[in-house]
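Both of the next two complexes hold subunit A, though its partner changes from subunit B to subunit C.
Up next is the complex of A and B:
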């Protein structure tokens, strides 16, 4: 057990190292992406450029630059922005994390509940009009781009219908911490939650529907019927229990990616100061320290989610432990 | 009459398909007495599984058309509500399937699956159900049943899984056990053990067993009575000894000739009678065995009814007047061996 954990941890460090090197090379060493030019500004004289280059250490060999960057990011934690001088990277990331966590966690509750319910209902009514219309609806959900849904939501709740009783409760864009005002926190997040869930509700409902109807073709469901079990028991204890394995691994990966900054569009549209928006701003300004930090951060969550999914998988699917 | 525990009359199963309706079973009628082992034989596609699924009302295809009566202890199964039927399944009539590899839910332990059935039907508590499951596993000859209870299906060999399936099927002491080719997926030595187990069950619990098989060797080992199916009909039935000694229907004769030698490897499928059975949609007019029958004659363009000869019934015009030349030949072949 301890060995497995250690191996996991080692894998994680290794992957993060690899990603950091790649990201570093892309942003610092690609020809034409000279960071000092950006820092010095558009009308910089060659002297100023040279000065910046020395001040920021861009004249040093790449591996030294990489080492210093990593040292300042992880050990000293005093890495500062290239764009907003003096803004420290690590506290900014730590500040953005709870926002993203709140957003993704709330959305996950919604999409799991709705996605699983829809998948089950569609399977129970498989072949009927109910099944078909639900699956069509789910497909629509999958096909709608998040930023479009978000913008429409904003249009409806912030301007068009904001003055009606329906949406007058919706606060302006932005984020309020839970500890400041729980009710305001909830109100600012409800609409982003639903916006972010739409895609996943559709996706999970369709995947579950497919997986469940596959289960229903299996011999063991016939056995369960032959045993005289009720339909609901067959669904929950036999078909769904088996399909959950697929769904869970999907969920882990999606959740990890979203916490790692994958909710970027939702955060930007609703002006939520989370990791996604931080990444977005960093990319817009080509603010390299921030880019490196957010890349590392999201890698961490994606790899962590992967590890957790593997553990959960072995726990849900008894066939897995033996295969390894 | 009254010792019939199951009476099937005119069971007909068809499916609506794109090429129009096809009839899979045509007027299947037979009885099962308490405590007897009835064997259903026939080539692939003859409708053996369909018959058993129809009895259990497990044909879930929405395009199925099912008619006929199936009386279990006097109650007509097709007329029961889904709920009443559920109470019967697994409790009064239990079923085991051909492939023990896929017939158990992979994410639950075998013990849990056996206990589940007893908890649902007998309302047992978790502890009692567990204890009884362990006992059953032990009775089925599974070594170390206490540990086997907590094993998942993929931990067990095919033979062990089939034993677990049987343990599950008999857990609520059903009056009828339908076994659809329970040994086909297993190797020969395991086959023999499973057959022994089924015979023990009959002796110990007095349950009737409907044993579906391809294998005339299996039939000659354990059956009391034999039903021979061909293209969706029962074409011959009778007591095992009668049927094996003097088959009335040429198809049964063909099957008999294919009984493998008592020693050595048993082939998986029967050595074939020349030709192959017609597809359900393309059955010939008259006797459906006609294209493959070496004795066919003018009369055979009509559908032969079941002719009775003592306690033996055969759907062949040759059986109209009793024994035939080929029966004598068969007897000679036997004595020569």
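Up next is the complex of A and C:
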């Protein structure tokens, strides 16, 4: 067991190292892109370019640059922005984290509840028109671009129906901290929560429906039925239990990816100052230290989620352990 | 994020049936096996009458697909979408009679005989701003104008061309790359497999949007220089390459798992025992199975590509102006969202309909070709 955990930890470090190298190479060594040209600006003279190159250390070999960047990011934690000189990177990322966490956590509650209930209802009514229309809705949810849903939501709640009783409670775009005003915090996040969860509700309902109807073909469900168990008990205690394992592994990965900046489009559309929007702004300015920091941050969550899912999987489903 | 691990985690569950040499079994199943004549024929290795053979796996799959009404309807719908976007030039020349790539701030059109400004001065507030004309529901400016006075309907068709081209080409690129990498990695094994699958692991763990965005932002500011070849920054090849590459691990990992299982399967073992050369085993035994999996992946990867392209274009790092795509038109419509919402809504509807059709088609193709495949639509 200890060996497995150690190997898992080693894998995590390896993948994170690999990603940091790829991200570094994308930004600092893509043929034709010169970071110093960007910092010096459009009309920089060759002398200025040379100066910038030396000041920022771009004349050093790539591995030295990489080492220095990582040292300043993780050990000294004094990495500063290229664009807003003096702005420290690490505090900015830490400040944006709770916003993203709030957004994703709320959305996760919605999509798990709605996705699982839709999946169960569709399975109970399988073959009927209810099942078909629910699955059609789910597929439509999967097919919608999230930023478009966000725009339409904004159109409805901020403009067209904002003056009616329906949506007059929706505050303007932006974010209020929970500690400032819990009620305002809740109101600003409700619409983004629903927007972000639409895709995942459709996804989880479809996966659960497929997995449940597979379980219903299994022998143990037939046995349960032969024992005379009630339909609801068969569903909850027998079929749903195995299907939830699949769903759990999906959930871990999706949650990790979203916390790690996958909610960028939702954050941009609703103007929420989370990790995604921070990344977006850094990308627009080509603020390389910021981009490296957010990429490393998001990788951390994705890799961590992967590892946790593996552990949870092995714990819930003993066959996985035997297979190794 | 797509959980490709789900598909690859359990390779043993995928038993290739399509390529089993089934001539012998069939004859036994025909009930003739007991007769001496049939016994003799069994050892002839080649059955004489072809009519006795079942149809090949390809034909079976296609006829199954044709029976799926929803899939066929989706395919027809998609064809209609492709045709209508292909008519963009005709539409712009003859129906809307404007150049959808030229800003047209001072233009006037006639609606039912009355002249109307394309960019009308605001009646509210100070009257300083201008609002583009709304939907006229006639030939010219059917869906209104965008912030630069360009015909949205015509741009929608041109944008559809680009969105579909990018989606199709990047899917093709992704499937070819993934097929090659997955097959090579799974079939050769050893050090090649270790390196390739570690690389896939790393790219797979890279948040897909961050990777695509990072690549786009670097490449779009400078273009891409590979040796003597230069891809300019406004070329469609950039989003095609980027989207094609970032999704490779999602397809290559399951393919690798499948090839690993195939390489251990009985019919490959039989070929090895018969002394078939490796190249022939690869082409005749492994590749047909891989191609089936790739076909199952194709519609779903295409729907993912359309969504990714529109997201990148929405963040203004996909298709570059003055060219349009459905994503860039939604981005153009952001500033007009509360005054002329149709500019942003119409391309979104186009995306939804196309992606929905592709997903229906994908479901049908999956059921027809490989009902046991576990695929997942979606992204993080």
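Observations
Note that in this section the second predicted complex is superposed on the first by the 319 of 324 C-alpha atoms of A that agree within 3 Å, B and C clash if a C-alpha of one lies under 4 Å from a C-alpha of the other, contacts with A are read in each partner's own complex, and residues count from 1 in each chain.
Heads up, the rule we're going with is that contacts are C-beta pairs under 8 Å (C-beta built on N, C-alpha and C of every residue); 3 or more make two chains touch, one makes a residue touch a chain.
This is a predicted model, so every value here is computed, not measured.
Aligning the two structures on subunit A places subunit B and subunit C next to each other without any clash. With both structures placed on the common chain, the touch criterion links A:220 to subunit B but leaves subunit C unconnected. Set against each other, subunit B and subunit C touch different numbers of residues in subunit A, with C touching more.
Computed from Cα centres after superposition, the angle at subunit A between subunit B and subunit C reads 70 degrees (steps of 10). Of the two partner chains, subunit C is the only one that A:22 touches; subunit B does not reach it. When the shared chain is aligned, no partner comes close enough to touch A:132: not subunit B, not subunit C. Of the two partner chains, subunit B is the only one touched by A:317; subunit C is not.
By the touch criterion defined above, A:302 reaches subunit C but does not reach subunit B.
By the document's definition of touching, of the two partners only subunit B reaches A:238; subunit C does not. Using the contact criterion defined above for the overlaid structures, shared-chain residue A:7 touches neither subunit B nor subunit C, since it reaches no partner.
By the touch criterion defined above, A:199 reaches subunit C but does not reach subunit B. Superposition on the common chain A brings subunit B within a closest Cα-Cα distance of 7 Å of subunit C.
The touching residues of subunit A, when paired with subunit B in their complex, are 127, 218-220, 222-230, 233, 237-238, 241-242, 245, 316-319, 322.
Residues of subunit C touching subunit A in their complex: 1, 3, 5-6, 198-199, 201-203, 205-210, 213-215, 217-219, 221-226, 303, 307, 310-311, 314-315, 317, 327, 330, 333-334, 337-338, 341, 344-345, 348, 351-352, 355-356, 359-360, 376-380. If you check the complex, the residues on subunit A that touch subunit C are 14-15, 18-19, 22-23, 26-27, 30-33, 38, 139-140, 142-148, 151-152, 154-155, 158-160, 199-200, 203, 206-207, 246, 249-250, 253-254, 257-258, 260-262, 264-265, 268, 279-280, 283-284, 286, 291, 294-295, 298-299, 302-303, 306.
Partner subunit A is touched in their complex by these residues of subunit B: 56, 58, 60, 62, 86-91, 94-95, 97, 99, 102-109, 116-117, 120-121, 152, 154-155, 165, 168.
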